[in-house]
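In the two complexes below, chain A is the common chain; its partner is chain B in one and chain C in the other.
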Partner chain A sequence: MDVTISQSTFERALSVAGRAVPSRATLPTLTHVLLQAEPGRLKVAGTDLNLAIITWEEALVSEPGGITVPAKPLAEFISALPDEPIHLRVHRETWTLQIVCGSYETAMKGLDPEEYPILPDLEGDGFALDPEDFRLAIDQVTFAAAADETRPILTGVLIRWEEGHGGGAGGAAALTLAAADGYRLSVKTLPVLRAPVAASEPGSTFSVIVPASTLKEVGRILKGETEPVSMMVLRGRNQVGFRLSRAAVLSQLIEGQFPDFQAIIPKRWETRVEISREALWKACKALSVFARETSNAVRLALIPGEGDQPGQVLLQSRSPEKGETRVAIDALVEGNRLEIAFNVRFLMDVLEAIEGDWVAFEMTTPQSPVKVLSVGDPSFVHVVMPMFL
Partner chain B sequence: MDVTISQSTFERALSVAGRAVPSRATLPTLTHVLLQAEPGRLKVAGTDLNLAIITWEEALVSEPGGITVPAKPLAEFISALPDEPIHLRVHRETWTLQIVCGSYETAMKGLDPEEYPILPDLEGDGFALDPEDFRLAIDQVTFAAAADETRPILTGVLIRWEEGHGGGAGGAAALTLAAADGYRLSVKTLPVLRAPVAASEPGSTFSVIVPASTLKEVGRILKGETEPVSMMVLRGRNQVGFRLSRAAVLSQLIEGQFPDFQAIIPKRWETRVEISREALWKACKALSVFARETSNAVRLALIPGEGDQPGQVLLQSRSPEKGETRVAIDALVEGNRLEIAFNVRFLMDVLEAIEGDWVAFEMTTPQSPVKVLSVGDPSFVHVVMPMFL
Partner chain C sequence: MPIRILDPGLVAQIAAGEVVERPASVVKELVENALDAGASRIEVEIEGGGRRRIRVADDGSGIPAAEVPLAFARHATSKLSSVEDLFRVTTLGFRGEALAAIAAVARVTCRTRAVGEDLGVELRIEGGRILAQRPLARPPGTEMIVEDLFFNTPARLKFLKGEGAERRQIDLWITRYALAYPHVHFVLRHNGREIFSLPAAREPRHRLAALYGAELADALLEVSEEADGVQVYGWISPPGIDRPDRQELVFFVNGRWVQDRMLPAAVLQAYHTLLPSGRYPWVFLWVKLPPERVDVNVHPAKIEVRFRDPDGLFRAVQRAVHRALRESTPVPVFQAAEIPVRATEFPARPVPMPSEDLAGEPAEERASPGLPPLRVIGQIQARYIIAEGPDGLYLLDQHAAHERVLYEALQAQRQQGPLPAQPLLQPVLIDVLPEEMSLLEENRGLLEELGFRIEPFGPRTVRLQAVPAVLSAEAILSVFQDLLLDLQESRRPVEGALEAQLIRSICKRAAVKAGQVLSVEQMQHLVRALERCAMPWACPHGRPTILRFPIGQLARQFGREE
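Let's turn to the complex of A and B:
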């Protein structure tokens, strides 16, 4: 291998692929990154066997070939080098990577790339997705997935396809993404730019469960991406792949049956409030200080307007040790007056996931699931359980 | 107490005074801040009994008085409020602080301010110091103080005054600051704008040892200060005080005898190098990646120039696991060729403390203390022990 690549390009590639590299592993080669010189480009890859991230960056390749080297020290060292061309050469007798940059000369110990796991190429027909739409969908859904592994299925995001049941604007072709942790549920419909041939047949359906952590990594890499992303399911390997213009992410799927989330979404309401997302978020942030000792509980009183008076949302949190705080926010309140309590962390999470200026809450009783909507955006639905006080 | 103060001002005061508040304390009142309304201003103070930080901020005071409230929740809550006037009122029957800001209404549980430690006023004659000079001196000296408590005296900074032995530019009145941790020593002379009357008598001397952690806090508060700072020693209380325009820091002194640091400073050299501070720092940063498994050791070869050839500093670090790296930097090398090794962390520390573009190292043998100077700045001297390899 004999490659010349710019320092900033190499630094970026190592930072992207490095996110899949475990800090410890029983197999030493897994703490390495794979460097593979192909005609005109350098491939940099990392994997923990569940998740793999592969990037390709433009490089001057005089001689193809590869090596693996410890990921963290290499990334740290390359980021400390001056922004000049870096010359990489492999000595195969000792599996040493020679790194020359300006007046720096370095020999780094590596391993034979043959010992590295084989990462399949992501060729083939997939769902083409707009990168910005997909990034937003990931942000709006993954936060509702479970963080603990008690029920592994809930650490995943359901991605479902039903030909002819798009659900997106005007019933266009769309994927449905859903995540739930037992206390809350996020559902998002994501337009499909182009469906693969196999999925385009009438009545064609499928669903997979992708680890939320995988999708968060995909979301991170999507920042700044301008080309459509291709999502493909590798059925034989029980894997899902995401192909970007200069990177690919490959991940194991989670096996099992995702809960019937449609049944959880409330179909009617007795009280509905439309409120400024920013004002409510700021109030939650301030009140959270007083909510710590009471399991993050905040109480809301939803008071419909009368005559010229606007409706109001009164928020209150109380700590036996610190005291109590309350704030009133003008809002459009329809239906019955209602008092209800929430985990303030859950409220803040969904308010951060929504992009619009106005958010709607649809409620029936203080003990029933609450529907949260982004006003004017039918593609997103959230459900959150109130707290019982 | 009945006070109106702007949210941003109150937030800043709580953040400054809060740095002296311990997160846990056997005496509950110590985890509180003291709020004391005085004519035209609100005093906010925190202390852990070793260190006290007091700030005064402009406020509309309708009724003087005071209270103490838990420092962390109050600071966190105030920082979450909108930037509007905050109205503070104390209910003495229950020692409750009422906080009203916009539509927020809060009652926070506090304690009688009589239970709070008495913090003496810092009135009287002190050393007047330029705030920017003092901040720089603190940065250049405190990093060399010991972090561990094995020898408590070394966690302090010696501040010494000898009338007529200024040591500063032109022998003007100056304080000497020194800190050492057994491996390195930093000495700085700091001009005095005005000495107190008692210290102005011929032959007058004194020295105190101030905790380095105290000086770091003073340095933090000094950012943005434009007025001279007054340093005064409260002999009867074994304390030192620093009076700024809107804040004061009060600290216990460390008792004991500071090592004779003058004896440690080398008086002559066999090899002297002048080198770009930035180039050397960057090289240290890159080489540090390979120095982790060898106690952070980097080797330097100092090679004098010959004829038209400039001198060079060759740096090298080697890890039995990762490999090795080397870099050459052009430099002005006088005297004998020398090979020597340093803890790269110590090199980076002193390079970060120096402000000038060029740094000089004066050496005799690979085992002798090395003098480090900022070229063109006689007010700073550093000594670092080489590593024995």
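Let's turn to the complex of A and C:
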């Protein structure tokens, strides 16, 4: 292998692929990154066998070939170099990577790339997704997934396809993404630019559970992406892949049955509030300081307007030591007056995930699940369980 | 069948069942007799897991020839003569049942010579009947050979476990006695192969090393405490060395190995927060108390005991273990540098043991010394917060400090009513064991007050509907497992401690963990919250939350003239 690549490009590639490299592993090659010179580009890949991130960067390739080298020391060394062309050359007899950059020169011991796990190619037909829509969808669902490894299914995001069940704007083809951690649920419909041929047959359906952590990585790489992203399920391998213009993410799927989330979404309401997202978020932020020692509880009183009096939402947090804090916000309140309590962290999470200026809450009783919507955006539904005080 | 008085042989066989349950109980009784006879060397030879042959030979005081036949009569003992004596038992055996019981269900050969007699005697007994008796020349001491155990009680034979299981049980007993009597040379052989030969050791620690390896023995912390006539000493493992079961929670009461619920509970409480859940320490503890304060006559096998003052003993053991653990905290390490400072000068600030720690009462509302306003400097090891106060440098343990903050907040909330609960969108179904089910049911009211909503859902399944709101960021199933563990631990003689225990566990789980990187804002918030606590100096388990290093101290250590 003989490659010349710019320092900043190489540094970026290493930081992207490095996110899949485990810091400790029983298999020594797993703590390495794979460098593979292909015509006109350098491929950099990392994997912990559950997640693989592959990225390609433009490079001047004089001789194809590859090597694996310890990921962390390489990334640290490269980031310390000046932004000048880096020349990489592999000595196959000793599997040594020689790195020359300006007046800097080093040699790193590596391993035969044949010993590195084989990462399947992600060529083929997939769901084409708009990168910005997809990134937003990831942000809106992954926060509701569980961090709790004892219930693995809930650490994943369900991605479901039902041919003919559009759900997207104007009934366009769409995927449904859902995540739940036991206390809350986020559901998002994501328009599909083009469905693969296999999924376009009438009645075709599938659903997979993708680790939320994988999607967060995809979301991170999607920043700045302009080309459509292709998502493909590798059925035989129980894997899912995401192909971007200069990167690919491959991940194991989580096996099991995702809870029936449709049954959890409330179908009716007794009290409905429309409120400024920003005003409510600011109030929550202020109250959270005082709610921290009392289980993060905030009480909300929802008071419908009367005559020319506008409706109001009164927020209050109470701490045995620090007393009470109150905030009142004008809002559109329909239906019955209601008092209800929430974990303020749950409220802030959903308010941060929603994009629109107005957010709606639909509730029935203080003990029942609450539906949270972004006003004017039918693609997102959130359900949160109130707290019992 | 007409009612009849049982014939004495049958009575003896039935009674034997209480003492001689399995080969290991024969070994135990014989070894105890040898120890009571003052042996300095005891050899135990086992064949066929003890079913075929058990031989226990000692160099003790022996049995006088004239008394040998009597030794095998029921309720014959040299160790007691009146009821008063029963309440002051200092020997291991005393009930006078053992030899008779063994002789009733096996073929026994006894060879013995008493110290001071010229000639020994050999006696052969089978199924309780003396077959032969003859004089014999041998050194002083006793050799007992028990063969074909349960040959005349086939029903019991049927219930014996396999050779391996019986062998393990015997090994367990011999190991325990070898620990309790380090000055006695123990030899153990199975089927002719020597398992160990432990020469007399000067102190138990050497015996521990011989049995468990020097590495473990060196790592163990010493426990030594005496108060109020109760002496607690021994060795325990430091945090970081643990095992997955309770097998090595070993207790000796007045030299006798006992299996008791309260002693392990006391120890585990002292370890609370120091061990990951589901892990247990190595504990070898000797408890010495005046014989009239313990009743060993609870069970014929004498492995259960009853204490006159269980609560007092619980506290004594817990305190002793606690102190040993606390003294192994990093403060001494800090001083280990070549600094001419005596340990006592470092203000690991004597932490007043909170009374609620043991009795479960809320902290008494007294004027606490309180903390001065502190300025957060930073975090080290993602574990400790460094802060500056007007009078020196402060070091906080972030987990312990947060536990204290949460504990006081939850206690305050509890006084106003139930703790806030966070219900689940969909209940989680969890399978439990029948005894866990009954524990959950018994305590349902209390659990609900604390935020746990758990309903039976079928005979072996519960529906978990809500958890305490402070735990909503934690793994639900682990929270539930912790709860079960606490409920099981709670079956101990200290009353009313369950709620306090559960609240402590909730705090432990909800608190910031060691290893969690905190922002400056979070650290400031934690320090402010701790400043407001009534008892900021210790976490709810009694570990220190904060250490102070006075300015003068620092100056002295840096060799500054002030």
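The rule we apply is simple: the second predicted complex is superposed on the first by the 389 of 389 C-alpha atoms of A that agree within 3 Å, B and C clash if a C-alpha of one lies under 4 Å from a C-alpha of the other, contacts with A are read in each partner's own complex, and residues count from 1 in each chain.
We take it that contacts are C-beta pairs under 8 Å (C-beta built on N, C-alpha and C of every residue); 3 or more make two chains touch, one makes a residue touch a chain.
Bear in mind the structure is a predicted one, so any value in this text is a computation, not a measurement.
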Query: Does the chain A-based superposition show chain B and chain C clashing or fitting?
result: clash
Task: Considering only the touch criterion stated at the top, classify A:P70 as touching first (chain B), second (chain C), both, or neither.
output: first
- request: May I ask you to decide whether A:Q367 touches chain B, chain C, both, or neither, giving the answer as first, second, both or neither?
  value: second
- request: Scan A:V383 for contacts with chain B and chain C and give back first, second, both or neither.
  value: second
- prompt: First (chain B), second (chain C), both or neither: which does A:D148 touch?
  reply: second
Message: According to the stated criteria, A:E123 is in contact with first (chain B), second (chain C), both, or neither; which is it?
response: neither
Message: Let me test your reading of the model: by the given contact rule, A:K109 touches which partner, first (chain B), second (chain C), both or neither?
response: first
- request: Have a look at where A:K282 lands relative to chain B and chain C in the superposition and call it first, second, both or neither.
  value: first
Query: Should A:L185 be classified as contacting the first partner (chain B), the second (chain C), both, or neither?
result: second
Message: By the touch definition above, which chain A residues appear in both interfaces, chain B in one complex and chain C in the other?
response: 289, 321
Field: chain A residues within the chain C interface of the complex
entry: 147-151, 180, 182-185, 259, 264, 289, 292-297, 319-321, 341, 343, 345, 367, 369, 383, 385-389
Residues on chain C engaged by chain A in the complex (per definition of touch): 405-406, 409, 412-413, 416, 419-426, 428, 451, 466, 468-470, 472-478, 525, 529, 532
- prompt: Which residues of chain B touch chain A in the complex?
  reply: 70, 73, 76-77, 80-82, 96-97, 99, 102-109, 282-283, 285-286, 288-290, 321-329
